[in-house]
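The next part holds the structures, each set out as structure tokens.
Okay, so chain A shows up in both of these, paired with chain B first and chain C after.
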Partner chain A sequence: MQQMKASEKRNRKRPDGPDKVTGRLNYLTDLHFPNMLYGKIKRSAYPHARILSIYTEEAEQLPGVRAVVTFKDVPGLNAFGIVTPDQPVLCEDTVRYVGDAVAAVAADTKEIAEHACSLIAVEYDPLPVVDDPAKALDAGTPQLHPDGNLLHKAHFYKGDVDDAFYKCTEIIEETYQVPRQMHTYMETEGGVIVPEPDGTLTVYVGTQHGYKDRFQLSRILNLQEEKIRIVSSPMGGSFGGKDELNIQPYGALLALASGRPVKIHQTRQESVISGLKRHPMRITMKTGVAADGKIIAHRVDILADTGAYSTLGPAILEFAVEHSTGPYVIPNVKTEGVSVFTNNGVAGEFRGFGGNQVTFALEGQMDRLADRLDVDPLEFRRLNLRKRDEIGPIGQRIAPTDGAYQVLQSIKDHRQLKIKEENEMPDKWKVRGIGTAITMHGGGLGYGRLDPAGGRLCLKENGKIEAAFGFEEAGQGILGVIETIVTEELGCSVSDLSVVIGDTSLVPSSGSTTASRGTSMVWHALQKMNKPFRKLLIEKGEALTGVEAHRLQTGKIGLFVTADDGEEIPIITYEELAQQSTEEEMTISTNFDFPTTPDPIDSGHFLYTFGAVLAQVEVDLLTGKVKVIDLDQAIAAGPVVNYLGYKGQIEGGGVMSLGYTLLEDALMSEGEYMTQNLDAYLIPGIGDVPFTMKVEAIETLQEDDSYGPRGVGEIGSVAVAPAIAKAIQEAVGYWVRSLPVSSEEVLAEVSKRRVNPWTKAMQ
Partner chain B sequence: MVNEHEPLMSGKPPTLPVPTKVWRPSDLSEAWEVKRQYGTEARYITGGTLIQLQREQGTPLAKHLISLDKINVLEGFDHLEDEGQFKLRIGALTTLSDCHRNVFIEEYWPILAEAIRHVASPAVRNRATIGGNVCYQVGDVIPALMVLEAEAVSFDGTTYLSNDIATYIQLINGEDHPILASISLPEPPVSAQVLSFFKKVGRREAFIPSIVTVACQGCINESGEVEYIRLAAGGGTASPKRLYECERFVQNKVLIEEDLGRLYEMVLQEYVPASDPFTTADYRKTVAANVIVSEFEKLIQ
Partner chain C sequence: MDKSDAVNVQTENVPVIDLNLTINENPVKLQVEPTARLVDILRDELQLTGTKISCGIGRCGACSVMIDGQLVNACLTMAYQADQTSITTIEGVSRDQEIDPIQKAFLEEGGFQCGYCTPGMVMAVKVLLEEVPVPTEEDIKMALSGNLCRCTGYGGIIRAVQRMAAENSEVR
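On to the complex of A and B.
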């Protein structure tokens, strides 16, 4: 593999940037079609209830209403779910969360559709609400599904922890609680579904996996997959939240029922109520060290609240189990995870995929142990760190890597510099602290899961080289990545290129745009297609020009030869090549799978990225409020494909997790959202974010590593919370156990220490 | 067994709800008449930022909205002389942004400018009016106006009334409440040293409802005595109130360190906030007490 550096050349401005920042770009939710109707979804009035009747006549009679659908109108399987379809499209007899859909309406205007929804009378028999995951499996708790309230169990056992704890000199046991984070994409779920004259259906709705949506819709509509076209990019953010179906089935049912295009675009409140969230988890860890400072025993119990339906709950739990030892080598491990059904919304895929939750707990343990042992927390980590060729966290072989050590060393050096910085506080009521944390994060779906990827290169009639991938643009910058990789591999320029994504009628199947796989899979696809595609063009060039193939190279505008003096002589342009060729378009395509471990260990990952975070906080002693003033990260993920995109992912992931740590929680009470909009569910504003954030990219891979650049969509979000938590402890001595950090708890801790003289009067 | 609503078996064909009618009277008397005509079905509107927020939160729009935007006299600033004292009259419809940009407010009543800076976001401040913030009853500017002893001038259908801000806020609770026309700011007293602050604490740095808001306007004479003091606190859903007991405690005192503990306790007792799912009343009390006492501590150092 050629050595790549984050050079100027690899600092591409994303091609879709200007249109996005100027607001010119049309998202799929901006589309309008002639005769278009507006759809609204009537969702459950209760978090848990039996449906006794649904009365739609009144709504149907409202002038301007063109279609009303209920469970009776679902021609195929009345359920969806990426792995296990257990979520009803339209509920028939039971509702299990406040976002459950009962009916949908298409009308001439949004207002009519909305009013029609209010005219649909649903008779319910409310059932007791299962809102405490800790009680979900208790006898007597109402069963939400035929097989009970257990969604999934996962475990990893190694050695004998019980015996090992006897040999420990120090043991820390702690229970951590992490919140229900919302993806909060700027563009809420929506789009337009168009019934075509030939009986096919075009679905203009953002998703992370067009082909999967096509499959699921086909099953629901009882319509052949080939008759459904999914146009799915661009999206105004997704972060895992739009991998599962959302409004597509309702739009499709209404479009088929009315014979007219139907637009649905959820309001923020509708999005909050119906959309996925990050799994809240309660994680108990007991971790023990021997006299030499090495961790020898680690016991982990994970309880995940998956909400009402499965979606990707099992995979997320398995990911959490796999990552519960992080980049550390521990001889005796007992990790048990359980994911349970409740009436608390639906939890599912979210950037970090269970890793963020368990990393908060694990790194919290590392800091508490280091503190107990009175050693430097990074030095303590280094002592327990995995080595280059060590096997993976659940016993699987992984691609050899030094990433853990590299990021640790980098953040350690950075910390030294930070500590030396002048730190004079202008305000006597503010104190600062620095914390660090590290992590490793698996890319791809893991062993035993279908994880196909693919791509296609084609010289089109107009002379453009078309690069087609089934990946989606969700704001992460995949277009810039494709441009960079294709132009570098083929030597062509951006103007020679036409990038096509996000349309099942035009692109090959590439799997989901998830699990940090986009960049990695585009690179792999080009490794496979580059040579045969160049060969195809060059052979055609030889046939048309008579210049010998071995002298021809692909370059900017077309084929050229290099003269003895180094001058590049143009021979034939791509346009001429396409026009003079009498045959069909020249196409090379590839299909392959994401690299997996050779060991048959289910869900085990093979390619890992590493991250280390330094957070500096300023704690206000009068209010207990925490402000993050530094959030710097070192990342080892192989060569950088596009530095601006890379930095954007790490900084963006960092800020998203800053919100997770300090602000964000979709609070629920008895199955109802307390935070129904962005006035109560708080994401960070620019004032809550450090003025600058540093991103150190460690690009070196092992010499024999043939897997190229890894994706960085998630890694920047994983280890932020524990770094901030440690910084708070450094500042005021308070060990955070629950996220988001409560200013009230911090203040109570500060007050206990009686830092202000006047509270003495209270004693 | 629960019916989400009564089955609609009236036999009449369903129709859309009647859309809200917007009235745009050209003077206050006309506005008053429209309100009298439609009573609780009508609501005054100016910038509309709060009504829009409440609408998103599920409060249906009133059937009649009486927009005051054509009543030009309600907008802008006037300088008045009253018994040798300088006064600034601010029309109720003056936007928060315009108030924030006003050089006199910045110079003579800086805590009002500071309070305005903390209201919502720039886009909201460009539409939201100072009168609207007062009529919100828990607006961020209210504690500042209270300690500045601002006067609310309102129109009750026949005459103009003049009240202090706290009294006017109480009047809003009644039906047929007078329409806020303007707010007058008297020149604040001066002495050897001015003690003036406005602090808002929210769950986020900006664009956030307050957990605790405190405002203070006072002055200290040459011998270090608190000569004049006005202190108010609000936050959350609790209406801002003057802290009269605390004021009395510091009035005419040369504060010493021991007084701070007593003041701290008095704030805890006098300030009565409410809890919500995010913040307890106890936390709000502690924060209010901490913030206030830390400012008074500066007088001692």
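On to the complex of A and C.
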């Protein structure tokens, strides 16, 4: 790739931008079709119950109702799940969470559909609710699935921790609790499902993996995959939350039953009740250091509450286990993770994928140990940090990297500057503190998982170079990434290019738009396609113009040659090339897999990104409220493709985790959601965030690194919580154990410690 | 949607009112239920889908429009309340393909990602800058406190507004 400074790229405007800022962009929930019906899903009245009967007659007879479906109307497999299909599309005999669907209605208007849902009578026999993950595996607890309540176990063992703890001079043991965060994409789940005259089905519903939706829907509908077209982009946010199926099966069943297009757009409340959340986890860590300040023993127990159905629970647990030692080298490790079924909603994929949870715990341990040893927390980290060629966290070889050291050094320098800044306290009842944390985060799905990627370049008849990828635009900026990388690699201009994504009828399979893999995979695809595609165009150019191939280059508008004086002389445009060519369209495509570790260690990652966070907080001693006034990050993820997009990912991920740390928890009581909309479930508003956030992009890779830019969709969200927690401790001495931070606990601790605000402010 | 069909069903039992209003400088006449939400009228009846719907309870600001120059949540506005008013939606902000300087600032400063909050955010900024051309940090926070964005962390939005403030202060 042409080396270009980040700052030079920062003004690249996103191709989807003009339509977004003007409101012209049609999201899939904005679509209207002739004869379109509105669908509503009737969900369970109980978090756990047996279904005795379902009566739909009255709903069916309501004027304006065009279709009512229940389990009886599912032609294929009545279940879904990206890996293990154990979630019923429409429940037949048992409901396991409040979002479980029992029926769906299509009607002329939303109001009629809603009314019809209320006319469907479901008789239940309520069952005891399993709402405490810690008790899920106890004898006597109701079994939610045929194999019981154990969803998955994962572990990593290395050395002998029990023995090593005897050699430790200091040991910290702590239990951390992290909440059920909601993705809160601004566009709730929805779209339109259209039955086509030829018997095929077009599904205009956002998802992060169109081909996977097609596969799952094919299985449910008993309809060949080729007869289903998934249009999956654009989306008004996803963050992992729309990777699993949501309303697609209901819309599809209703469209097939009514023979008409069906639109479903969930209300926020419906979205809260049915949608995925981040896994709540209870993480106990016992970490010990030897006399030389090196960590020699690390014992980790993770209990994850996946809720009612598997979705990606097992993979998330494995990711958490892998990342529970972070960027540190620890000779003796014993990590055990369990994820369990409960009646608490469904937890699944969410930006950070289990990494955010364990990083909060791990970095909490690092700060507590540094405090106990009375050493600088970053110096203590440096002492235990992985080196360039160190083996990966679960014993797998990884791409050599200095990222851990680079981000640590960068945030350390930044902290020096911050400490020196004149800090005039606004009033005597407020105190400030600075905290830092670091992390490493794997990209791609990991060893042993199908993780295919691919792409296609084609000179179309109209002279446009079409770049097609099976990715989706959820706001992360993949369109801008594709445009940047393709124009730079081919030398063509933006107006020569047409980018196509998110439509199974038009794009090749590129795997999922998840796991921070999109940017990386587009770059890899271009490394593979660039030369053959240029060769194809140049050979054709030679055949048509007689100019020797070795003199021709691809450039803006078309092929050119460089004269002896350096002048670029246009030879033939892409349009002429396409029109004068008698053959079919010139196409190059590629298929490959996300780079993975050569060692056969399941779920082990190969490409990691690194992040370091500095948070400064202001704690109100009268209310216990915490305000984040600085949230700055250093990121090492290889070359920046688009600085504006990069910065946006880090700032946005950072603030999302600020919410995780201080505000957000989809509270449940006995399997029912206590917060059902954005009046009670609070995400950060503009008043909650630092007015400026600094993002330092460290772009250098090892000299022999051939893997290019890494994705940064997740890394900015991973190490924020522990940095804020440490900043609170610096300010008032309170060690945060549970998220979101409780003002009451901060206040109680302030009172207990009799923190003298005058002294603190004077320092 | 099949309007005739839908309206027939609705009008069987439900009273309707005549609604006369101006939307983006065009006169609009409609017959709707008096309690129909403005956001549904805009999105479903008039297919002005630039106005978004997200929380439906006036908390997120995705449905922000201007009614007689004031910023209003269209999800909390009922049809009868919109009668005889002049409404500007995001579709009315950029006319004749010329984008508003606010939209240009959002575009160039990274003031959007998924774009779903963007129309409402642009409306809120527009109202702010019409009232306070050179807003302070506090002004910006106050004016945009009713508009939630989940993608950007507000960084790009703040930069966009600050750029507008800087441009406005130069003009003065």
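FYI, the second predicted complex is superposed on the first by the 744 of 763 C-alpha atoms of A that agree within 3 Å, B and C clash if a C-alpha of one lies under 4 Å from a C-alpha of the other, contacts with A are read in each partner's own complex, and residues count from 1 in each chain.
Please note the rule applied: a residue touches a chain if its C-beta (ideal position, glycine included) is under 8 Å from a C-beta of that chain, and two chains touch if they have at least 3 such contacts.
Quick caveat: nothing in here was measured; it's all calculated off a predicted structure.
A.B. asks: Go through the superposed model and pick first if A:Met186 touches only chain B, second if only chain C, both, or neither.
C.D. replies: Second partner only.
A.B. asks: Just to be sure I read the superposition right, which of the two partners does A:Glu483 touch: chain B = first, chain C = second, or both, or neither?
C.D. replies: neither
A.B. asks: Check the residue A:Met235 against both partner chains and state whether it touches chain B (first), chain C (second), both, or neither.
C.D. replies: Only chain C; A:Met235 stays clear of chain B.
A.B. asks: Would you check which partner chain A:Val122 touches, where first means chain B only, second means chain C only, and both and neither mean what they say?
C.D. replies: In the superposed model, A:Val122 contacts chain B only, not chain C.
A.B. asks: See if chain A has more residues touched by chain B or by chain C, and give me that chain.
C.D. replies: C
A.B. asks: Scan A:Leu663 for contacts with chain B and chain C and give back first, second, both or neither.
C.D. replies: first
A.B. asks: Quick one: classify A:His32 as touching chain B (first), chain C (second), both or neither.
C.D. replies: second
A.B. asks: According to the stated criteria, A:Glu672 is in contact with first (chain B), second (chain C), both, or neither; which is it?
C.D. replies: A:Glu672 contacts neither chain B nor chain C.
A.B. asks: For A:Asp305, using the defined touch cut-off, is the partner it touches chain B, chain C, both, or neither? Pick first, second, both or neither.
C.D. replies: Neither chain B nor chain C is touched by A:Asp305.
A.B. asks: After lining up the shared chain so the two structures overlap, which partner does A:Glu244 touch, if you call chain B first and chain C second: first, second, both or neither?
C.D. replies: In the superposed model, A:Glu244 contacts neither chain B nor chain C.
A.B. asks: On chain A, what residues does chain B touch that chain C touches as well?
C.D. replies: 63-64, 111-112, 268-269, 677, 679, 684-685, 687
A.B. asks: Contact residues on chain A for chain C in the complex?
C.D. replies: Counting only chain A, the residues touching chain C are 11, 13-14, 16-27, 30, 32-36, 63-64, 108-109, 111-112, 183-188, 234-237, 239, 265, 267-269, 474-477, 644-645, 647-648, 651-656, 658, 677-679, 683-687, 689, 691-693.
A.B. asks: Could you pull out which chain B residues touch chain A in their complex?
C.D. replies: 1-8, 13-17, 53, 56-57, 201, 203-209, 257-258, 260-265, 277-280, 283, 286-287, 290-291, 293-294, 297
A.B. asks: Which part of chain C faces chain A closely enough to touch in the complex?
C.D. replies: Against chain A, chain C makes touches at 1-2, 5-6, 9-10, 12, 43-44, 47, 49-57, 59-60, 62, 89-91, 93-94, 99, 103-104, 106-119, 122, 137, 140-141, 144-145, 147-158.
A.B. asks: Where on chain A does chain B make contact in their complex?
C.D. replies: 45-46, 49, 52, 55, 58-59, 61-64, 111-112, 115, 118-119, 121-126, 268-269, 429, 621-625, 627, 663, 667, 669, 674, 676-677, 679-680, 682, 684-685, 687-688, 743-744, 747, 751, 756-762
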